[in-house]
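The structures come next, written out as structure tokens.
Consider the two complexes below, in which subunit A is the common component and subunit B and subunit C are the respective partners.
Let's look at the complex of A and B:
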């Protein structure tokens, strides 16, 4: 049964799981980077870390996780507040514009990330 | 079936007039920090880009981040990350059925807020 066409996985249960798996991946990436930065790095060391395939793949995984995580989160916020019930008919227009804006920003983040890693 | 509840009883669903419990504040700040981080990601991506492009841009970024305004911005983003992460970990723990009662929820929210303050202060000390 599909009740929403704009949620990430078309099902609340799927979104629930994706939100948690992606959260763990993003947190792992930030802890990895945080640990590295606390040790202090110069340009050569930092560049060497991101020249490795494993770090590039890990970072891309984190960015893709962030894309899914951000969509599910922003969608949840938008469908709660930008609604017909709270704002009248213009709520629907605002929500659609907001969702288009969010997906554009997420698209830019993904492309930008790939460009940083492999550009 | 005959309803024995009077339909005309007063209903107050105006959330703005209610005093919110600490669990509600934890939930709202989790959302707000998420939206904030969605925007803050642009700053983090820009930093990652500048740090990897060339030795010159790496040095320029270091120079830029030594300014007081830049430090404040980084602290804000890091604070958002800390709170959003801790509140998220609380969610994961609750998913395992731990702390799902009202008392557990209040306790969890208190722990998340207290731990966030401590970690945010430590992060601030590290940035400055």
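Let's look at the complex of A and C:
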């Protein structure tokens, strides 16, 4: 069995499941927002929607889903192309740098999202 | 005259691979690609390729014809030639030993990983382990694989991770033993597959299904394995 310490859930099945479930949550969130926007909203209505705790929690869930989804996807891309097999030992260094970069960006987006929601 | 372009590489004499252009007189017949190769070899004996049964049974002459993997012996020219041109290359993604001959070690190593033999720890019956016709039917579409590697060598996930992703061919065989009611090692087999690479590198693009010369469907088998893993874990 192949070990990988940097994958999201450490098991292929859990990563796969998280990828599927998070996709559904993200889709549901965008449909919800899309539906609201189609109905036509002004600033005060928009603000009341996001003042409600349920919408904030839903949005946070969507942000966290997006973060997990992005990490699993980016991790798969990195372990396909930035590898020792394809580029020699340099691949390992590049991949680690890429993974740190990705996790930083995702982390910043999550914090920023929380700030917007509760700020 | 058919215009054939063949990948040539002899690591002992060539600095790098090159394409050799050859004209072949097919006499207007719809020959198999292997016939064309034999005609070329009768002119130039240095051309290297594998073949044995010449009837789609042994799986030794998997090559890339005009960009598509297949068995040279059962691929008629009418099926692959476009604009009177035939480009022959070794199976992609595997190291070239010489010309159209590739090193299959990585492919076999993955096959070995799935333990492709029946495991049963119950006492052996006097004559044989029986199976109902319905249970036997579950192995149809799985046991027919001839290990030609056309599928795995067409799979991008296998190109990038041939050491960690088992690949369509190996996974089809993994499922062949998971689906066998006489096998008692199902749980151990599944435990070996539950990492992020062995099964889950498959992204369902179905290149494997498109090229399998035996008409098998590795993607479907991979889906079954995933479902077995899911029901085992939840």
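A few comments on the model shown:
We take it that the second predicted complex is superposed on the first by the 117 of 119 C-alpha atoms of A that agree within 3 Å, B and C clash if a C-alpha of one lies under 4 Å from a C-alpha of the other, contacts with A are read in each partner's own complex, and residues count from 1 in each chain.
Keep this in mind: a contact is a pair of C-beta atoms (placed from the backbone, for glycine too) under 8 Å apart; a residue touches a chain by one contact, two chains touch by 3 or more.
On a predicted model such as this, the values are computed, not experimentally measured, just so you know.
Of the two partner chains placed by the overlay, neither subunit B nor subunit C lies in contact with A:36.
Looking at the shared chain after the overlay, A:17 reaches subunit C, while subunit B stays out of its contact range.
Of the two partner chains, subunit C is the only one touched by A:7; subunit B is not. Of the two partner chains, subunit C is the only one that A:86 touches; subunit B does not reach it. Legend: residue contacts after superposition of the two complexes on their common chain; A:103 is shown touching neither subunit B nor subunit C.
Common to the subunit B and subunit C interfaces on subunit A are residues 76. Partner subunit A is touched in their complex by these residues of subunit C: 156-157, 160-164, 191-201, 226, 229-230, 233. By the touch rule above, subunit A contacts subunit B in their complex via residues 20, 23-24, 27, 30, 38, 43, 46-47, 50, 66, 70, 73-74, 76-77, 102, 105, 109, 112-113, 116. Put simply, subunit B touches subunit A in their complex at residues 31, 34-35, 38, 41-42, 45, 48-49, 51-52, 55, 58-59, 81, 85, 88-89, 91-92, 95, 126.
Here subunit A touches subunit C in the complex through residues 1-4, 7, 10-17, 76, 79-81, 83, 85-86, going by the rule given at the top.
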